[in-house]
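Before any comments, here is the structure.
In this document, chain identifiers A, B, C, D, E and F correspond to the written order of the chains, with residue numbering beginning at 1 in each.
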Amino acid sequence: MTPLWIDERITYDGRQLVSHFAYRRYGVMGDVIVGFRGPADVRISEMVDLEDVRQVAPISSDEMLHFLIEMFEVRLGQMVWVQRFFILILFEHLTRYISREKLSRDGDDIFYDGRKLSVSIATVSPLSGLVHTALNIKPTGAPIPISCLEEMGIDPTEFGRTVMEAFCVEVEGMDKARTKVRWVE
Amino acid sequence: MTPLWIDERITYDGRQLVSHFAYRRYGVMGDVIVGFRGPADVRISEMVDLEDVRQVAPISSDEMLHFLIEMFEVRLGQMVWVQRFFILILFEHLTRYISREKLSRDGDDIFYDGRKLSVSIATVSPLSGLVHTALNIKPTGAPIPISCLEEMGIDPTEFGRTVMEAFCVEVEGMDKARTKVRWVE
Amino acid sequence: MTPLWIDERITYDGRQLVSHFAYRRYGVMGDVIVGFRGPADVRISEMVDLEDVRQVAPISSDEMLHFLIEMFEVRLGQMVWVQRFFILILFEHLTRYISREKLSRDGDDIFYDGRKLSVSIATVSPLSGLVHTALNIKPTGAPIPISCLEEMGIDPTEFGRTVMEAFCVEVEGMDKARTKVRWVE
Amino acid sequence: MTPLWIDERITYDGRQLVSHFAYRRYGVMGDVIVGFRGPADVRISEMVDLEDVRQVAPISSDEMLHFLIEMFEVRLGQMVWVQRFFILILFEHLTRYISREKLSRDGDDIFYDGRKLSVSIATVSPLSGLVHTALNIKPTGAPIPISCLEEMGIDPTEFGRTVMEAFCVEVEGMDKARTKVRWVE
Amino acid sequence: MTPLWIDERITYDGRQLVSHFAYRRYGVMGDVIVGFRGPADVRISEMVDLEDVRQVAPISSDEMLHFLIEMFEVRLGQMVWVQRFFILILFEHLTRYISREKLSRDGDDIFYDGRKLSVSIATVSPLSGLVHTALNIKPTGAPIPISCLEEMGIDPTEFGRTVMEAFCVEVEGMDKARTKVRWVE
Amino acid sequence: MTPLWIDERITYDGRQLVSHFAYRRYGVMGDVIVGFRGPADVRISEMVDLEDVRQVAPISSDEMLHFLIEMFEVRLGQMVWVQRFFILILFEHLTRYISREKLSRDGDDIFYDGRKLSVSIATVSPLSGLVHTALNIKPTGAPIPISCLEEMGIDPTEFGRTVMEAFCVEVEGMDKARTKVRWVE
């Protein structure tokens, strides 16, 4: 798992959640977690979460901290664990800055002060498992009341880089764990 | 995923980390998380973590809160994600009781006040993925300095039941997430 | 596996054999067997069976009892067993109404009185395994001589609902069977 | 899938349900369905069905028609479909000889005249999926009231060979079906 | 694995690397290795190797010996082994005609006299694993200096047929090897 | 894939073909190819190839160059490709030292001057795929006429190290190839 922070701002419109995003645009091969900043503006036709499609609930926010994870030959059944785990890593890191009482979580959604901080989805291409997770940086542009990193006093870039590196360390640890246990009956 | 709390005390000696533990002894079928209290006393010959075997580091503690997870037809590559995720769920729950600064985590190990609180291992049988995780309840019986739920003022049974139920809710959520997203290119 | 009977008539033109048909249109999540009535009219460009494509053998029938099965993360190698098993369930149920001698089967095709009663195909999307099976209700609209439920005196809706529920009971039984056997050497 | 009829009588005591039974003893390689006649006498320690173990319900019958199926690199989740499918093939063949009203089925159990005719189990070795299914030939030797092929007037050897060959034809058909459909979205 | 030599000349433009190529056009079902002669002219939009896409390195050659391999339900992780193995089979066969010193190999690329002789790619469709490998027959039409079978004095058709048959024998041997070993601890 | 050359001589008696051999004895974690020198003396009870067991053909040789490959979570169906590929790598390297005409290969067996040079087997543990391949170093100790590296003038240790490193480079290349191709329809 390679962490890749992209300095240029990218508008996330859903088409970034696709196989080989990091390789095609930045030449980074293999399992990767990409981070960048930019608005989110996903039209219904690009939505991956069919629950949102059914409820005609497009995603938008004026400025977000985005993460894209790609893991090759990982199926959706495993990828939802990767996604949920990453949400918990984000949550764990947030508790370093923010009082635990003001944070809450419901599945893949993180809340600050009762307002939604995050969006997240996991899916697959025929070649890889994919996750998109994003945290609001600014309080504007969303169809519902949201919280954001700005009001929490958290620097998005520094936070993003830190979480990505921590995630890669976790993955490395799990890769090793796979190969040092005997099986049981 | 069914939560199964066992009231009888069981000495965990490693032989409980085996396929169908819940079904053979309690008639509970399918994916399950089992919780119980009791000492831990795992001899080298029963150790699953070969790193511990290499370092001749047997596991013992006078009283622990044990969790056993069994998931059928899940391979080790996914089971290490299940394990790490469960550790984060434990951690998240602990932060409800304990000041965040006194808690830390290094991979699958949770620390309180700098002393080790937990042990954990993931492995497979030819039929299922298996996790054992346990938290010290009392401060005695371990070969190294440990922390324990007692000094943290946490009731083991209540904590255990709460975490198990929360874990099952998470799994249910992930099972649903698997079936409501379209694939991407 | 959830049984979902749809009262509205739907023309099966092949585009229903797609991932998330039940969820997108009816909000039913997860593994599902859908039943409905309506004509079949599948153009060559929508055919899934390449043997039919090669022989330019489009599928049509004026009124059919349709079944769609979707099972998430099941590959084609297993899905052909699901399909064949479902055909046998249909056959078994037909023998409750119809003299055994008048019924025959050749792979996935059921015949009554020597005339074809059924069509069936199994395939996959990148997310799920899919089966379409349909029985003629009326004798008209097909390019070959066919038999139909009408001449057999079988009520399509009642028959459809009964078979779907029976199939779900079977699947539930197999799910349990998976978790109650020890492995062997 | 190769059909292998063994003329020698073999006592089925559970140890035949093991990988490479056909290859080790008869030199037949690969996916195979083996048929033979002989008593069944399975002690609790050899039982694969843990439900029977829990209920201390050993299996015995003085003379049975046995089938063993081995499929390499097939997991239990698929093997229970293979098992259930094979039961339906047996049932379908029985309806050629016996009035449909006198036959019934409950999951993997076939009944004649309300008495149990069959036993069946599916499991895995680390290398293959395995099924054992047997039909009583004689009415004696079982702990419960049973029916048998003798009273049904069915010749066990001829019936066994016929069913095995029919099963192999079905498997061949499914193998082909796997490779002649296009995928869908 | 069926060998299929096609006598008609086909221009390989990338669209042949698709599931069911052999079945759709020639009625050959199942795992297959197809061989034919013809030019190669793959535009960037049809390129499968994203490294070549990134470097804007289209593939062309006036006359090549083409091989297409399709294996159903084989994932990319295994298919890259199939590809590399096939390259080694080609190399081994070339050493029967050509002095070993004049041949070299770097991964999937074969060189004669220091000039590139081959192109090769492995990928997947949602149903199958796919490989395209081709050897230059003539020295013209490529954007880089190439070697070719003509200058090596090798008859393309005979060489192609021989290699395809040898490959099928290898695959048959591996299929058998899968079913005649016991597992170990 | 890590290459691990072991300087101490080890008698290969079959018990080395087991999961975690490199980790348990030498602390090397993960996918690994191990090389060492020593006699081979495998009793029938330790044989993995059931064909040899059936023919009561034990393996022995006074001095061999041994290779053990372990790849975690790789099944037998893929491992036989790994094995065959490694044989071809050995063969390719031998042709650098030895005239091509004196070398031949039949599946996994390499011959020099018509006499057998190698033994090889692939199998699995419940956690990993495993290969053992060995080349005779001396001409003595085998039940059949053999060839050996000594008469070929090849230094076993240097040859072993070179091949192991080349193999690791190949594996690295295939790992990358997995992540740089788009999928096709």
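In the analysis below, contacts are C-beta pairs under 8 Å (C-beta built on N, C-alpha and C of every residue); 3 or more make two chains touch, one makes a residue touch a chain.
Just so it is clear, the structure is predicted and the values come from calculations on it, not from any experiment.
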item: Labels of chains that are neighbours to chain C and to chain D; value: B, E
item: Between A-E and A-B, the pair joined by more C-beta contacts; value: A-B
item: Rounded Å distance, chain E centre to chain F centre (Cα mean); value: 26
item: Rounded Å distance between chain A and chain C, as computed from the means of their C-alpha atoms; value: 39
item: Rounded Å distance between chain A and chain F, as computed from the means of their C-alpha atoms; value: 43
item: Sites on chain B at which at least two other chains make contact; value: 19-20, 23, 50, 72-73, 76-77, 124-127, 178, 180-183
item: Set of all touching chain pairs, with the criterion as stated earlier; value: A-B, A-C, A-E, A-F, B-C, B-D, B-F, C-D, C-E, D-E, D-F, E-F
item: For the chain D and chain C complex, residues of the former touching the latter; value: 17-19, 48-51, 76-78, 80-85, 88-89, 91-92, 95-96, 100, 105, 107-108, 121-126, 130, 170, 173-174, 177-178, 180-185
item: Contact set on chain A toward chain E in their complex; value: 20, 23-24, 27, 72-73, 126-127
item: Complex contact set, residues of chain F against chain D; value: 50, 53-54, 75-77, 124-126
item: Residues of chain E defined as touching chain D within the complex; value: 19-20, 23, 29-31, 72-73, 125-127, 175-176, 178-183
